[in-house]
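By letter and in written order, the chains are A, B, C, D and E; residue numbering begins at 1 in each of them.
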Amino acid sequence: EEGVLRIGTEGDAPLFSMADANGNVTGFDADIANGICAELKLKCKFVVQSFSTLVPSMDSDRFDVIISGLGITAERQKKIDYSIPYATTPLYFVVAKDSPLAGLKSLDEIVKALDGKSLGVVTGTTYARFIQKHVPGADLKTYDATTQQTADLAAGRLDAAFGDSPTWADFLATPDGTGFTRVDVKIMAMDDPASLGHGMGVGMRKGNAELKAKLDAALCKMITEGKVKNASLRWFKDDYTIPCTK
Amino acid sequence: MTANVLKVRELCKSFGPTKVLNGVSFRMTEGEVISLVGSSGSGKSTALRCVNFLETPTSGEIEVMADTVSAVVDDHGKTVVRSAHNIHNFRRRIGMVFQNFNLWPHQTVLGNVTLALLYALGKNKCDAKEIALSALSKVGMADFRDRYPHQLSGGQQQRVAIARVLAMSPKIMLFDEPTSALDPELVGEVLRVIRGLADEGATILLVTHEMRFARDVSNRMIFLHKGEIEQDGTPEELLRNPASDAVARFLSSVMPLAA
Amino acid sequence: MSFDLWVLLVEQGWGFALLRGATVTLAVGLLGMLAGVIVAVPLALLRWRRLPLFSQAVDGYSILVRGVPGLLVIYLLFFGSIEWVQRLATAFGYQNSADSAYPFVIGVVAIAAISCAYSIEVFRGALEAVPVGLLEAAKSLALPRYVTFFHVTLPIALRLALGGLNNVWQMTIKDTSLVSVVGMQELMRSAAIAAGITRSPLLFYCAAAGMFFALTAISQALFSHTERFFNRGFSRG
Amino acid sequence: MELDLVTYAVPFLLAGAKTTLLISVFGVALGLPFGIALAVIRASKNRMLSRSADIYCAVFRGTPMLVQIFVIYYGLGQISAIRSNPVIWWIVGHSLHAAILAVVLNTGAYTAEIFRTALLSLPRGLIEASQACGLSVWATFRHVKFPLAVRQALPAYSSEVAIIVKESSLASTITVLEITGYAKRLMSETFAIMDIFIITSAFYLMMNVISLTSLKLIERKLSFGK
Amino acid sequence: MTANVLKVRELCKSFGPTKVLNGVSFRMTEGEVISLVGSSGSGKSTALRCVNFLETPTSGEIEVMADTVSAVVDDHGKTVVRSAHNIHNFRRRIGMVFQNFNLWPHQTVLGNVTLALLYALGKNKCDAKEIALSALSKVGMADFRDRYPHQLSGGQQQRVAIARVLAMSPKIMLFDEPTSALDPELVGEVLRVIRGLADEGATILLVTHEMRFARDVSNRMIFLHKGEIEQDGTPEELLRNPASDAVARFLSSVMPLAA
């Protein structure tokens, strides 16, 4: 279709991609998408689909790009192309307030303390890979959604959970989250790009250099003009923008 | 006089609106053989099935060796069974051969005969097999022990059904047309078997259409007509002095035989 | 709490979203089951008559489809065909309708393929349990095959198949959640989105379960009624 | 499909297959007797008992298993009384145990329906024959009703076994690492969604082909010389 | 001489290792009634079932009014049926009453009788019902038209099975023990019906154990023994001059009757 950019997104990821009851999508991803459409003078059309079907659906041309907080990794780049990264969220461990881990100050200490302990992460993210590499002694549990991860945390089945700061900000503010705290060790994608990747990018089918160039330019413009920062502040109360290096 | 082994009192049975049995009463003493005769649909099978409560009578009382089970109609017109716990006792003392055999298709001939020996009488495997084979021999079916029922001819199935009951040697036996699928030679065989059982003290109630067989095998004949007993007496009495037109008409076709 | 419920279900509209999902579920489930059963009957018949090659093919189909996860069936059907369909549709200038109607069609086809495989087994079992003598009676009366089938075999087999079909239907209505793969918002997917956004997974999953239960309770009543109908002429064992 | 993807994925999936097998075996070993018991209760004359069994079956057949597993694992996990009861918590608190429980409860309801219809379709005369022989209710069930019903139910039950194997994949939603659990990790890692999915399905297919064909053989064995 | 309506040539049938029929041949002319007699398991039912190919013979040939179907054993020892398309023609001309009735349980008595009239003969509903009721009346079952088979007694079921075939008025009728569940009165009834059919030109092959019935109803009797025809002749011939010990022994039990 002329003049339309079709965007595949999850729709059930709080703060990032949230479809409301009528199918309208809001959130950080939506803001990025709308920004891109404005730059490219196209109309945004969101297609909401579960995470596992996003890539095959794009391959079969159900939409043109995926904007759903996709982390850029070398593994994934074998399957799809990415735009330049536009944002990255810091990652934290969360534990019960009375846990011995609560006061730890470095990743090494955490790794040692988590040996044999259960640790939850959400699949569809790059975090599992990071944990397997750095905390091989932990009993890794994977969840389909953050709500499940936090429910298990609250039920006491997990000794610790690992995830991005927006998730934790959200959870710690709920009644269930009152007994928990963030371990004060900030982990950034740049700390281990091999497993955590290079931040979030827009995904597209392989081999469409023209589209990639347009998207990169649009994103770079948005970053330098502070539009990404605004979106980040709006949803995350913090600035997670990755500067455009081009 | 020997004791009454089976007493049937005022047996009534309706299926919905159709009355099938209408106050049937009789008694049997040990070693007695009674033939229940009557035209098709007169209620013979139903009467037999009521005796061991496969069919619950609408009302009436059955007494088997001092145990009683009775059915009465309550105020709401529903049938209530009293002393139903005796039913199981009844069935252990009463054997039955069905009009349509009802052999278990998942068991071989031998399995059909041993099953009840093993699990109702608690015999061990060896004994059960021995008893079963001797019962099967009596009806000439021992060679077919490993066949499944559907591999047998009609007459062969009927003989297995008879052997199944013989093996249990119950005090009372009910036979529903035990010779319907048998050739004359085998009918004579079965006649001998039944007389032998009676001589050993078994009490036998059988339904049959073969008047010659009925006459030869039984001490008494009961003629059932539209659910009521029309006549009850020795075969000679019935054949010579039919109590009613119905009996006379029914027997007319066999008269030359009795003459 | 009751206030929360009101806000979530009505003001934010999630209740209506679930209802919309339920209609998709019902439509896909009914059509899929219907198509599946209609195809399953002749296939089961071929299988039952032991037609060489045919019955092996039917067996193969049934084992394959029952053996793999339903997701794969719909994945392969959809992603394996969409490109061609889109090309075709574009060539004929129907790009838009291909986009919107095709997922629905494929969803129904996938659900039908699955329910068909299960129904075949149900029918086969029932057909094998029809007493041979009754069919011989029909043969000896020179009844044409289709008459024997529709007036003797089918009524007796259907009675035996009813419980199994009921199970297949209950399974099928829930298998409709697979169509979310092709981008349709059926009941479970609606519940998943609502759960994720509102962070009340238990509430929405239970609400979805309630709606499923309502659908199946209605169909259960219909099945019981049919069961009574087919049981005429049979004394209860 | 690249070969190195296959060689990378298969060891993980093999590890997962063990868990899938474990859940399935428990599903059949516990679910079958449970389902048969339910079927018998549903046919019993005690109205109270048979009604409750009816309702149980209606609920577990009428709602998605995903929800059942969620309620058992996440839902019950929210209740502190359950968390403090060591026996219940041993079942519900442990994701594998909870998954097995959910599979057993669910398949029991379906199995009950399969056996209920099989029992209802038995010719009455055959049961009367065993009653007339003085076999107890239990012996009648054990030696006449049950073997005949099993033969009748087997085709439908074989489907149920295939369903158990596949439904065990829902255990991945409560962190159990069976085949699908590993598959999800592999998918998010590589984004080779279709490829991983096809390899995974091959695993399920293999397990089901084995179980379905062996059930077919049993079926043939039980054809009583026909 | 009237034409041959049915020719059976060298009929052989084995179930696995057991030989059940071993070269059975006979011919029937129009209006003829043949009784097939013999002891239980001698292969009577099997022979009947082979005639309309419900059972495929291992080898042999059946000719019905100039149409032929034959079974031959090929080089690999497998049976091949030639001109199988004629089988359907056979069945339109041949009616059969089964030993165990095989009534359709989901159809009422009337439904059981009309089904084939409607769909095999293509009668309209009114005609079918009329014909069915007249057939049912012949066997005294018209009053039971709305019952289901399981609500009938054994003899009633048998009569419906007979009516189902009567209604079709086929050229050839096969009866497998049509009177096994009937009382003497009804046996006489059926005898009259069968004779009537024969007088109207129907050809009837029946299996029976009741020698009196066989003698009265049939023009010819065929004695089957272990799958072979031991004797074939008029009832008088058989009863007076049994061809072998087997026949003599078998008939001995009915001899007084014939005397």
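Descriptive notes on the structure:
Basically, contacts are C-beta pairs under 8 Å (C-beta built on N, C-alpha and C of every residue); 3 or more make two chains touch, one makes a residue touch a chain.
All values derive from a computational prediction rather than experimental measurement.
Judged by touch alone, the chains other than chain D, held in their current positions, stay linked as one piece. Chains that touch both chain A and chain B are the following: D. Among the pairs C-D and B-D, the greater number of C-beta contacts is found at C-D.
Ranked by distance of CA centroids from chain C, the top chain is B.
Farthest chain from chain E (centres taken as the mean of C-alpha atoms): A.
Measuring from the averaged C-alpha position of chain C to that of chain E gives a distance of 47 Å.
For this pair, chain D with chain E, the centres built from the Cα atoms lie 51 Å apart. Rounded to whole angstrom units, the spacing between the C-alpha centres of chain A and chain D is 37.
Residue positions of chain E touching 2 or more other chains: 100.
Looking at chain A, one finds that residues 53, 56, 148, 151 touch two or more other chains. Residues of chain D found to touch two or more other chains are 74, 78, 123, 194. Chain pairs that touch one another, listed by label: A-C, A-D, B-D, B-E, C-D, C-E.
Considering their complex, residues 51-53, 55-56, 73, 75-76, 78-80, 120, 123-126, 128-129, 141-144, 148, 151-152, 154-157 of chain A touch chain D. On chain C, the positions that touch chain A within their shared complex are 12-14, 16-17, 75, 78-79, 82-83, 86, 95, 180-183, 185, 189, 192-197, 199, 201. Those residues of chain D lying in contact with chain C across their complex are 58-59, 61-68, 70-71, 74-75, 78, 110, 113-114, 116-124, 127, 152-156, 158-160, 162-163, 166, 169, 180, 194, 197-198, 200-201, 204-205, 207-209, 212-213. Residue ranges on chain C touching chain D, taken from their complex, read 63-64, 66-72, 75, 79, 118, 121-122, 124-125, 128-129, 159-160, 162-164, 166-167, 170-171, 174, 177, 188, 201-202, 205-206, 208-210, 212-213, 215-217, 220, 235-237.
Within the complex, the chain D residues that touch chain A are 74, 77-78, 83, 93, 95, 172-175, 177, 181, 184-185, 187-194.
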